[in-house]
């Protein structure tokens, strides 16, 4: 249950009373050491390097080429602080970057755009979905991406930059940011696929043999869907705001690509809503199958009881000790009474059958 | 259940990591060989031909006459690619055309309008409704229609072009596009009619003799309605956007016709919502008829049980072995006890009747 | 059930494939022969006549006086066609006029306004509500009204024109149209009143003695409410659009009257929603009264059963055949056991009473 | 039930067929004789008088001082008619004033503002809430208030005018209108308080001892809440429209006061919604307490039955008449069987206890 | 239950009939004596003092430094009155400040902004959440904060002013107001955390051993959530209005901080909605666990009953007193009948097991 409450209530008590803009990492430490890698490219050249000190990335700020600074791990506050100061990012934004419990949002400044999203991952046991935060600072000639944990999904993008495949090397940082966001959203589709398969298996189980365990599983699934919704719903708004914000940092030619991302987020939201409908229908199926089972039991048992009650009465009658009960003396009394009882039983069974009760 | 999940979750994993605009056919191959047919007409002449190579359609691009290029089958990527390049269609749009799982949408470019819709078909077993994608590229003097499968509904339109019936030969490509969309929407009415008939039969069955099978059928129907909704709801927006988009490719005189299509989509949506209401009412009827039946059983059986329990008690009393039970010695004791028991039974029956319990 | 499906699904298959603007009557033929009557008036004179041929109405088009052409019966396509052509009505509008299954709407053209509404009627058996279509073509000096069936509600309006009562003779065709629409809406109030009375009777029945028939009646009522809603809801929009459309055919001085009609449609909608609430509450009452009855039965019967089961046990004990059962030999054993059993029964009854179970 | 239907369906049949603007009183006659009282004041003087003939109020129209004409009773049509004609009120507005079943609304004319509201009253038996209509005609130097019945709530306002307490004598007719409306809204709070107390008592009853009567009472309460909602909801819109309408009759300095009234209407609406939630929760409590009671009965009774059924079986076994039943001959057979039966009973009771069934 | 009704219905009857702007304290007296403390600061100096008479704060009004007048306790009307008059606050606003039952709101005047919010506190028994009102008057160089009770949360802010930590001393009164509001909102997070923990404990209890007490606790929690919602929902609007109001009293540089507060209110609202969902799911869990338990009982008991009923019948048969019952004479009759009965019992148990009924 702990997990559930964590999704709903975000623990912020350690921040209380601190002045705004105080940098404080909120969340788990997901990697041991922050890893900073730099891609610097234009149409004709690419430079790729991993740096030890964040200061090594500073010279790229004023180069005309596109620079992508990819920071994996955000728990080392001084790195974030230095980056923030050098690239002119507002302290409140730095505070947001360090707080891994923010909902996705986009803010538009004069010199940069700040976007924060969630990357979805399957947990190592493949049972749960985890969400990790990523933030982007998009400037006129650079993109800084700050991941909570290790990057596991941008391999294709790096490859494309290295090989100059597609448009990426010909376009600016806005297109790079688009590519990264698109990759994140594409990754949602994969997560959704896996999730869908899990629900499908669960549904089959549910129809065949529903147990209280299935119910627990359903509750877990519902909870994961809540997490998914919380990660994806605001994304729509984020992309839409970027699209309509009219920032001069987003070029006309990138807009059509963003519109494409927007369509994808709509599709993801459609899927989530579809799954939600499905899960709630599964609850209904569970309930109705439980109540069906109960009805089945009640019906059969009641029918058995009902058939034997009149028969027991008859047996009771001839168990009475009256002195003058002529039937008891008859030679064929006993077989006759069996005939009567069996006929009665058969008649009742027939009546039940006729009424489709059994 | 597979079908259900397919409606909700779209498998996109093979696209992950590819640069945007990479052409990739997503969906089933519905025809063996792509078929390209061309209609070229103005008020005075018509040319109709089927071409083998897509390049044969290129000369029509610059003719002042209206050209309709109808492409059945979209799995041959190179054909789409060539068309796209020659007619100046954006790569992302080509990507959308090839992805048969897109939701209906409309996008308005300077030189062309892109519209994608769903054509509804009854499956060959007449049991299920299938949805096939169709895309339109509407230029200033041409319409390119790209169907996922074989065209089965545009026969009337072709006839009208050949014979010059109605306005079609006097108007531009926007009117042609309208005519095609109108035909698709008209076709929805036919599908809805069939679907309605199916639901009607099901309802009668439900009232007469509800079985768990009926429930399964209801669930299937509900699922089909979800598919229908997903195909038709966005259509409203598509037509509305075309109507209000103010594109110079849509002439003033065509708008009133589009408004008519808009009215029809509203009617279709009304129908779908009506059917949804009806199906959910049918669920209620099912549930209440099941519970009625159960109540009926419980009632009759409980009544029988209740009547015999006191009687059995009486029989039990006179089955006791006390030495001094004067009644047992009475000559008329046995008949008297029968009288008592029968009267009691009748009295109880009467009480139940009075209370309208039986 | 047939009726229900007819409300939801409109059969349009015979129109499929025809070019737009093809005139085709959809619906039942409600009168034998189309009846055309003409009112021509200004402040000082009135002319009333019934004409055989529609052409007789044409000369009025160019007169400065206000002309009302009232056409009862729309199944004679050639009449509609002639009128349409002479008065310059768009073919699509003529198509709509002939299709009695259109939802109420208003369209605003340069030279005329087209409005289509539903007139509600009680069926002759007073049991069902029927809806008939009426369309208006409002020009700068004429109003053409096209009714599906016989006119039964405009008597008062005609009287007012003849006598010059009220403003009607002093105002233009927009005021005439307003008066006709107002009459239609006023008529809804009468229908609603009758309907309300029917529901009231049903409610009393429901509370007193609910039977499955009542349930069926409730379902029928709900269905009629759906029909009512479908006729009235779009009306709000129609009146509102006319009000805000800014057409030059509607004079400033008529707007306040239209606002009044608007208020009335809001009231009607309020009533329908009120009735819907009430009917759904009646369903709840039905269900709870059914389940109350069942509970009542179960309770009384279970109590009877429970009292006798321990008593039967006691009787059973003294029916055992052990050789050494001292109680059996006691002279007062038999009466004593009766005392025990009766006391036990009374005690249990008391316990049940104390707990308010009986 | 009659009351309920009256709330939903408004009887308008007597108006059918009359030309618009025909004055007709719809509603009950709440006072015997119309009472007209006039307050005329400015910062330095006050004139208060009651007049017999409405004409006596006419001279005040052109005085620069603020005049409040308070009319109690609106069934005397000729009075309304004269006022309307002299003060230039549109006939349709007069018609609305006379129709006590209108929903609250505000209409803004060049020379006056028309506002109609509902005054809430407790019926004399303190059991039901009644609603009475009040209309205001607010001109540049006069306010005409038209009440359906006797004025019972404006005493404080009159006192303030007489004594010159507060701002009232320094401000114009808009402030007077505000004061009157504010008094009406304040009165709602009192009604809500009483209503809340009634619901509170009902809730306690419900928890302690729910009976079908409580259910009936709940239904009545729900119905009253519907009436309250219908009176108050449109009020929000009325005040808001007055606030934002930008009429030159409402001075800047009065707006802040109107904003205050607006806040109050929001609070009232909040209260009503809160009560609605509460009543529907009370329905749930009722249902669950009923079903709890039923469960309680079923449980206890079933347990009793279950314990005795196996015991009866044992007794039945030793009631069999086999010749060779060794147990029957044993000296301690009878006591032994009692031991067995009592142990079995105790064991079963223990099992039920362990499972928390009793 | 009293508490509940207090949340819904606000007692205003003592205000009825008073002219608007009459100052009247509505609510409990939460502190004995009003405490007035003053902070006066700019970048270089700080003055902190506690004053006895409100007049001592007046000289600060015209100083260029930022002055924060913090008033704890609002029941002494004359203090509020003097402050209001001296600082030029509208009487209606003073009335609102004194009414502790107002919902949060913001009003924007030329010379000052008025904001009223709720501070949440845990009651001393840590069981309930209390809400206290706080109002702000924000001028061009001062902030007046008026608390209903003792200040318990602004300690950190005062510390920051004293030490000059953060931006606070460099910014104007708008930043001070932001800091105070931010502190209030941060405090909500703490309350939410505690509340979340309480709900978590309750949930565990619910799953393990649901009792009617749990149900009562759930109802209480739901009620507290309603209180929370009422305090927090309008806050969103308040902050948003301040953000978008464009008042010249809020500087550009403060806006980003306010946007941050806005994000926090959204997060709080998300949490509350999450908890609401959770509580309503807990109701469902409660209901289903109760019904599960009942089903469990019914099932086991019915099965026991059913097994013994046929056995009792058999025993009854051989308890009959027919003279010619051959079985009774058989030497192995009695053991045989035991074998039959035990086999029958075992068979039935097996059948139930096979069907997963036990």
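Observations, loosely collected:
Labels A, B, C, D and E are assigned to the chains in the order they are written; within every chain, residues are numbered from 1.
Here is the rule we go by: a residue touches a chain if its C-beta (ideal position, glycine included) is under 8 Å from a C-beta of that chain, and two chains touch if they have at least 3 such contacts.
What you are looking at is a predicted structure, and each value in this text was computed from that prediction instead of being measured.
The chains touching chain A as well as chain E do not exist; no chain touches both.
Where the sister copies chain D and chain E meet, the same residue numbers recur on both sides for under half of the interface positions.
Overlaying the C-alpha trace of chain A on that of chain B calls for a turn of 70°, given as a multiple of 5. A straight line joining the Cα centres of chain C and chain D is 28 Å long.
Note: centroid distance chain A to chain D, computed from Cα atoms, is 44 Å.
Those residues of chain D in touch with two or more other chains are numbered 298, 302, 305, 309, 312, 316, 319-321, 325. Those residues of chain E lying in contact with chain A across their complex are 155-156, 160, 165-168, 179, 182-183, 186-187, 189-190, 192-193, 195-197, 199-200, 203-204, 256-257, 259-260, 263, 266-267, 270-271, 274-275, 277-278, 288, 295, 298-299, 302-303, 305-306, 309-310, 312-313, 316-317, 319-325, 355-357. On the side of chain B, the complex with chain A involves touching residues 1-2, 4-5, 7-13, 15-22, 90, 92, 102-103, 105, 107, 209, 226, 230, 287, 290, 293-294, 296-298, 301-302, 304-305, 308-309, 311-312, 315-316, 318-321, 325, 327-334, 337.
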